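We just call them A, B, C and D in the order they show up, numbering each chain from 1.
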Amino acid sequence: MLNFVDTVGEAVAGIKDGSTVMIGGFGNAGQPFELIDALMDCGATGLTVVNNNAGQGDQGLALLIKEGRVKKMICSFPRQSDSWHFDAKFRAGEIELELVPQGNLAERIRAAGAGIGGFFTPTGYGTMLAEGKETRILDGRGQVFETPIHADVALIKAFTADGKGNLVYRKTARNFGPIMAAAAKHTIVQVSGIVPTGGLDPEIIVTPGIYVNSIVKVA
Amino acid sequence: MSVQSNDQTASPAGIRTSEKPLGRDDLARLVARDIKPGSFVNLGIGQPTLVSNYLEPEQDITLHTENGMLGMGPEATGDQIDGDLINAGKIPVTELPGASYFHHADSFAIMRGGHLDICVLGAFQVSATGDLANWHTGAPDAIPAVGGAMDLATGAKDVFVMMTLLTREGISKLVETCSYPLTGIGCVTRVYTDRAVFLTGPDGVEVRETFGCTLEELQDMVPVPLRAASAAGS
Amino acid sequence: MLNFVDTVGEAVAGIKDGSTVMIGGFGNAGQPFELIDALMDCGATGLTVVNNNAGQGDQGLALLIKEGRVKKMICSFPRQSDSWHFDAKFRAGEIELELVPQGNLAERIRAAGAGIGGFFTPTGYGTMLAEGKETRILDGRGQVFETPIHADVALIKAFTADGKGNLVYRKTARNFGPIMAAAAKHTIVQVSGIVPTGGLDPEIIVTPGIYVNSIVKVA
Amino acid sequence: MSVQSNDQTASPAGIRTSEKPLGRDDLARLVARDIKPGSFVNLGIGQPTLVSNYLEPEQDITLHTENGMLGMGPEATGDQIDGDLINAGKIPVTELPGASYFHHADSFAIMRGGHLDICVLGAFQVSATGDLANWHTGAPDAIPAVGGAMDLATGAKDVFVMMTLLTREGISKLVETCSYPLTGIGCVTRVYTDRAVFLTGPDGVEVRETFGCTLEELQDMVPVPLRAASAAGS
């Protein structure tokens, strides 16, 4: 069921310790900062977080990592110039890392939402990121077997929602939002605006409301 | 007749809830009332599409059609008819406020990814453990056509079947093991027929209610062991 | 390279005998009738055709089948009340049929465009449409291994194109168009209108021009 | 300097086409001129993004960025800067007419499905047969980060590498076998360096042109057998 809630605190209140949480965004674009802050405040810990990166600077995901609330990161690009909190935890052996090529990350998230049990891809074949994974030759190319990434919760940022929970995004802030919304059991969305049902052209909707559970407007 | 509404179990008055077998429209009305408010539903093609006639606006049900739409409205008439807006049965339909369009892979991802609460399908046969046969008679000269039946049967959270209990020859379509080619294994959770509503699952068949017959009379028509549903079983 | 051509005849002129041709449409919606007629006229034969159906009535794909130009159909729903030409050829043993559950058809086409070598899906598990196929248990469910469907050519119908070949569709006529455009080596599109580059909002484009080779406006 | 343009082979005047080694910008200009008109191109992050400065409008090149866009324009300045519009390096960029946005799975499907004509990447090492190492030094304390490098290396029709030929220590980055962890196997087709342009493939390494050195001098720097490219080989 779809709920419109008034605060980010209400939106994330149900997130339990030990959850797998997908967090949208690529760099700062599409990152649901307010929802991440609310996740920080709500106290859930032992989290597995799926995000392209592993936090930047001293805010958002970086802060969650700093405070020891993230048990494991599944991401493609943890090392950035300002990813010092992740770096410190990783070097201290206090956080687990599953490093995934970015396209495999996207496709594995998409597979979870689309009911695919696993797939073969050339990406990563013959590299250390395929070590221990099943491989086979298909279409004349070496390919690696990859499995879906499901999540308990997705935290994403969209631009506008309508009364049915349909979403549109803005520019490259779209990135992981649509596929994470489909892959998670419970999808929480922060939006810049809400319009009445019928206020979005059915042809331009990117995420249909079927994938959305909670919506909160963030100023 | 009195029909059960909103997923309630058999009334204390007994498992028989109608004096006569139900007609197709009464059955469609019953299915419609059993769909929980806010559900996302696919009504397949043929008989199950009758259910849409009995959905109440306050139920806030969103209909999905496999050919790329959520928020499908009633059949189009007159000037509403638009060749670019059809349902899975290729019948012109309308668009409700809040509808959305998407391509075929995205549409089937909705079905296959387990996002639909309910699909309602017709059937040739349903087995005691919920196997479904609804796409192929297996006749040697038949040209098979499967469409989206297997995706719906496999993907929806709940698969409801609507069918007459008996063939024209009087043979039960609820069977121990399907003799027709399967659509999906163990996928059907409820079977709505003119004679009874059955709950199927790994533990066999429960009867939620009967129409125009007693449980004993029903058992005489059906070659699988039946038991009355417990209050919690519906 | 993208070409805008003046006639459907020019658009299909390069299609060779023995090609695999994807044809968009679900029922009549989104079916590129004019391109199919041109394919009829151009004489290419021995075709493998990928379409949801196998022709209706006496026009379009049904006519191609009647004239013996289609060696094999890959489709989900060949049997319709007016699919008499396919029915006759099939009963006469003059056309091969690969029957594919519709979701597997869509996902296999999508896989071809997305570079996926194969995938596991629960759809069809335990049925005669999975006979002879590899299966395994994943996520606790029986699943079937399915492979991508590539094509030499796709014939699709869109609503509007811009100067870069970006496409938008109309209502349920979208159906197979976007995934076939990505799966074929050469994609030919008939459109109702063409607008200058910049005339389509970048947020609403469904098929980016990278997937499009020839565009022809059909009145 | 004189640079080769539009995919021509070495001039009759000889394989050395520049008196001095090329600087980064001259190299970027050379790569830009080698990209065929109408191509769809991804410039990765870092040094290869310099190429965009030298693409001519009449080449009609469409730039892809992995984070969900085709038709990316130049870096944004001043009022153009919009936090929702960035490139793979997380730098604010602009949008050209005819641009389109899509989600991450669709964006990587463009890369992985073989739809990009060319990607241009940096590298730590390239092997004689076109293996690429560009994501991880393999140092025990390094925190690995791969991003979209493997998808680009594996998916693009042609993979061009831009790098200095030698490390700061004077060691060739063109090697017999990569010692750093691989990004992709046999994927690189051309290597643009400050000293030469190499064509790599299953049959080994050809040199298209040299900058500031002869083929013999180049061979002294590089531990793999080199041969001059045939006219058809470029």
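By our rule, a contact is a pair of C-beta atoms (placed from the backbone, for glycine too) under 8 Å apart; a residue touches a chain by one contact, two chains touch by 3 or more.
None of these values were measured; they are calculated from a predicted model.
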Treat touching chains as neighbours and tell me the shortest step distance from chain A to chain C. 1
Counting C-beta pairs in contact, does B-C beat C-D or the other way around? B-C
Take the average of all CA coordinates in chain A, do the same for chain D, and state the distance between these two points in whole angstrom. 30
For chain B paired with chain D, centre-to-centre distance based on mean C-alpha positions, whole Å: 56
Chain C-chain D separation of Cα centroids, rounded to whole Å: 35
By the touch rule stated above, which residues of chain B touch at least two different other chains? 69, 95, 101-102, 105, 108-109, 111-112, 155
List, in ascending order, every residue of chain A touching at least 2 other chains. 107, 114-116, 121-122, 169-171, 202-203
Is the chain-to-chain touch network here best called a line, a ring, a star, complete, or other? other
A full list of chain pairs that touch reads A-B, A-C, A-D, B-C, C-D
Spell out the residues on chain C that touch chain B in their complex, using ranges where they run on. 26-30, 76-80, 83, 86-87, 90-91, 97, 99-104, 106-107, 109-110, 121-129, 142, 169-179, 206
Residue numbers on chain B that touch chain C, as the complex places them: 65-69, 82-86, 90, 95, 101-105, 107-109, 111-112, 136, 141-151, 154-155, 181-185
Show me the residue ranges of chain A that touch chain B in the complex, using the header's touch definition. 1-2, 112-116, 162-164, 166, 182, 197-198, 202-203, 205, 208-211
Chain C touches which residues of chain A in the complex? 107, 111, 114-122, 136, 138-139, 141, 143, 147-148, 168-171, 201-204
Taking the touch rule as given, give the residues of chain D at its contact with chain C in the complex, in rising order. 38, 40, 62, 64, 69-71, 95, 97-102, 105, 108-116, 155
